[in-house]
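Pasting a structure here, questions to come.
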Amino acid sequence: MAEKQFREALREAMTEEMRRDERVFIMGEEVAEYDGAYKVTQGMLAEFGGRRVIDTPISELGFAGVGVGAAMNGMRPIVEFMTFNFAVVGIDQIINNAAKIRSMSGGQVNIPMVFRGPNASAGQLGATHSVAFESLYAHFPGLITIFAADPYDAKGLLKSAIRDDNPVIFLESEQTYGMKQEVPDEEYLIPIGKGVIKRDGSDVTLVAHGKMVHVAQMAAKELEKDGIEAEIIDPRTIKPFDIDLVIESVKKTNRLVIVDESHPFGGVAAEVGFQIQRDAFDYLDAPILRVTVPDVPAPFARNLFDLWFPSPKNVIDAVNTVTYRK
Amino acid sequence: MAIVIDMPKLSDTMEEGVIAKWNVKEGDEVKTGDIIAEVETDKATMEVEAFDPGTILKIFVKEGDAVPLGGKMAIIGKPDEDISDLLGDDDGKAEPVSKEEKEPVEKETLESEAEAEETKGKPDEFDPEAEDAKADKVSDKKSTSDDGKIKISPLAKKMAKDKGIELSNIQGSGPQGRIIKKDIEEYKETPGAQQQAAMKRPEKDEDVQVSQMRKVIAKRLAESKFGSPHFYETIDIDMKKAIEAREGMNASGEVKISFNDFVVKACAMALRKHPKVNSSWMGDVMRRHAGIHVAVAVAVDEGLLTPVIRDTDLKGFVQISAETKELAGKARDKKLQPEEWEGSTFTVSNLGMFGIEEFTAIINPPNACILAVGAIRDVPVIEDGQVVPGKRMKVTLSSDHRIVDGATSAQFLKTVRELLENPVNMLL
Amino acid sequence: MGKKTEAAGFTPTGAVYKSTKLPKPTKKTHKSLGIKKDELLGLFECMYRQRRFEERAAQMYQKGKFGGFLHLYIGQEALSSGLNHALNADDDIITAYRDHGMGLARGIPTKAGMAELFGKKTGCSNGKGGSMHFFDVEKHFWGGHAIVGAHLPLGAGIAMANKLRDEKKVTVCLFGDGAVDQGSLNESFNIAQLWKLPVVYVIENNGYSMGTSVARHSAGELVDRALPYGMKHDIINGMDLFTVIEKFQQVAEEVRNDSLPHLIEVRTYRYRGHSMSDPGNYRSKEEMQEFKTFDPIERLKTYILENNIADEKKLEGISEEIDKEILEAIKFAEESDFPDDEELYKHIYADDDFPYLK
């Protein structure tokens, strides 16, 4: 088993699925001739040609909608957004068309497609390029939302997403594209809607997804020195959310901290917190806390950005509070 | 120059005060008139105010501890002022507020470790959860919130229910005294706990701390009972007319005069007629008081208080009734001020509302007498040779024989009876 | 209506900005267009069915038989009917929310259409779409779409799928004159031309974007939106059935051969308001009267009678049959059941066991 970068894992997933099913094609800005803005699609034009690896104009509304139309009519498009921050100009196509046409047609239309690309902040890119959108997409029925944290998960989940008959929002991160992990060469699929325990622990449950899994890992290492064993759960799929896995963990640890790069109001953390208080109320020994970015747009200045972005220390503080250690 | 704040005399009888609550901590700035602490005296919880502006440089005692009258409570002065002189010998006695001094040190250690790992670092102010944690630190350690509800985590609550543990038996160790899982687990480890909860009976004897008020009651009543020779006289009073008069007075609905108000009024008028009863034994002299100030015994949680209706003889029913209600309320709320309980010349104690027929009371020093009032009873009485239903009330006067003789007190009682049996005379 | 007042504001005001100017109709006859006699009577029946369906729908709406919006197509039936005559059965059609006429012309049964208006489970979208979302995917009718302009890229995408499969099929994507002003039009036109997608975009210019006349909502000629992309384009008279058939036969043929998009501005007129709650103050009675003289159904009826294709009695017979059919459709809709409660959680995801949040 070889170590592979996150971007290679994504490429393998798409390449394997395109070899497997000729209805699958990819389109997006700079995916073909340029070999991918983040080199995710590197070499794919050479293998599949310009009919299946398609450069689009900077027209997110246009090509997102073209993708939906093609999916309605039997294709299985992968639409790459250079970042999900740009998808906002075409979001009508996602939340009104991709998510709803199946329902409004009384089930006559399938929309098997994947919208994928980097999500959330990637350093000092300013407010419009730093938004975590998972809670927004997860809000809409008809969409599946996945946020992969590492290369292994990314490959297995993207393959499942491409094979799924629903529109899937597949979220990545510019900052993890270069991350390496052992990824099997043989085919594997990770089921949509199943989370995973990324670290065993007994003292507190940390729920984190996407880039925040790594922040939680750093915090857990620090807490371990202090005798606190944090259990880290990566739901991997935001919707449907594997709440049962969290409930089981909270039954064991009796305390929960949710680490979420979204803004706090109505974010993923808010939903998970609600569900746990409803379904695991009698197992809680402390209020559920969350670590999120604050309720302000991303700042540019380095010091303000560092204040803004959730850090391991924020997680440690929250854990100390729920474990009554301060 | 720094000033020591001493335990002030907050009641005429207090010998020490317990710090119920500090409103300030070391380093806080205070202005003249700021309430810096609440002190539980023998009678009430009193506020201690700052008389000088400055910074609280030192707090000698922690909440719950007693300080003798004139004992050091705190030092106030300019920041960084040398107060070593003022700390003096009392330093040994002074209780450092250990938690507040230690905790920041521990926290700092943790923070610096975390920051070493997390290169970016981050001040505390940003994280709302960290703010929560700060709020947690200033918790008092009570498991009940202001509304009396027990604070407990959902898990701990379920565990306690499953194990049949009575929540009021548990001291919570979480923020604001919240009972948490650990508290239930540790409680379980006490042998017999389940049995205890199931039987709802304490397993062993409990030593209850003697409150300031209890101490004073014990001391003063023992002195009275054993220091002044008591004798007792009981008289039965026909309350039929008093009942009618009261119904007439209350008919308007604007006031609600009680039978006790009738008794207080009758005593005040009788005292004017019998000044010997309105006296105090002063050792060398017997002091005949110029004013007539009847005290009324009021039961409160920790004992009893005797607020005073001043110049009772000069006041009408409505005023006596209103003042009694107000003072009794204040007494129960621990809001009674010293001038409101000091200086009585006679006391009325009424247990009629509990159905007590008659009883003897211990004289409230430095009074000469106390009147113990029983319940109004339905009794058969003979009027004109016929047995008819009657309303009777027994009152018992305890008198200090050093001041009052049997005949004197009997005459006083006779006057009281005449007034109550013909209440119209009290209106004259 | 009153005389035109020059505007102090941005958009010209005044009611008498005449909606649209009709180009001349074709001179071709049914014979020269290859339309057989019975096909012609079928086209009359098709147009009349749409007309009566909607007149009755309006009546049922006003009786409170169903709720929601109701946008009537009355006056524009020549386009839906002619278009369907010109296209193959497996060509794809996608349209906007004024979709009853196009759906019926494409073959949605009147019963299924009426039941959909009533929100019944026997409706063409199982009662889940309503007036604005008629679907019949088996008949390649990809729906009515209710966000103005949002389905323009879908039309391109449907065409793209056909092209990727090397199917020589035409996709027709229809939208109103109001949608011309949306950004989605430019993005879709650019991609369609750039990628040579076999899609025909059709502006159904009925003169008004809701209550705003074309001159008041759009700068320049609508059809000129094709110019910057080098897209082929035409303007035709949409009140005349033969003109529609002629143009769509020609364009469909072209698209099948060269796989290049085409923009057709079809000038037409709706005799009813934008929706049922529209008092129509923005246009004049005179204009309405003028356009009623071009009523596509009356026009075809006259042609049939003048050319002795059928007599009045024959046409009356067809009309009576349609009247009966529509009344039966209403009865059917009324008697049909609403969707079962469990249907609330169906057809949202492809998976029947999707774990919904509850």
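Per-chain numbering from 1; labels A, B and C assigned in written order.
Here is the rule we go by: a residue touches a chain if its C-beta (ideal position, glycine included) is under 8 Å from a C-beta of that chain, and two chains touch if they have at least 3 such contacts.
Since we're looking at a predicted model, the values are computed, not measured.
Asker: Tell me which chains count as touching both chain B and chain C.
Answerer: Intersection of chain B and chain C contact lists gives A.
Asker: Give me the ID of the chain with the smallest distance between its Cα centroid and the all-protein Cα centroid.
Answerer: Going by the distance between chain centres and the overall C-alpha centre, it is A.
Asker: List the centre-to-centre spacing of chain B and chain C in whole Å, with centres computed as mean CA coordinates.
Answerer: Spacing between the chain centres: roughly 86 Å.
Asker: Taking each chain's centre as its mean C-alpha position, how far apart are chain A and chain B in Å?
Answerer: Each chain's C-alpha centroid was found; their separation is 63 Å.
Asker: Chain A to chain C: how many Å between their CA centres?
Answerer: The separation of the two C-alpha centroids amounts to 41 Å.
Asker: Which bits of chain A are touching chain C when the two form their complex?
Answerer: Touch list, chain A to chain C: 25, 51, 54, 56-57, 59, 61-75, 77, 92-93, 96-97, 101-110, 112, 141-142, 144, 164-166, 193, 240, 271.
Asker: Mind pulling up the chain A residues that touch chain B in the complex?
Answerer: Residue list for chain A touching chain B: 218, 221-222, 225-226, 254, 264, 281-286, 289-291, 294, 306-309, 311-314, 316-318, 320-321, 324, 326.
Asker: Which residues, counting only chain B, touch chain A once they are in their complex?
Answerer: Residues 103, 107, 110-111, 113-115, 117-118, 120-124, 126-130, 132-133, 136-137, 153-158, 173-175, 180-182.
Asker: Flag every residue of chain C that touches chain A in the complex, lowest number first.
Answerer: Residue positions touching the partner: 92, 94, 123-129, 133, 135-138, 142-143, 145, 147, 150-162, 164-165, 183-184, 187-188, 190-191, 194-195, 346-351, 354-357.
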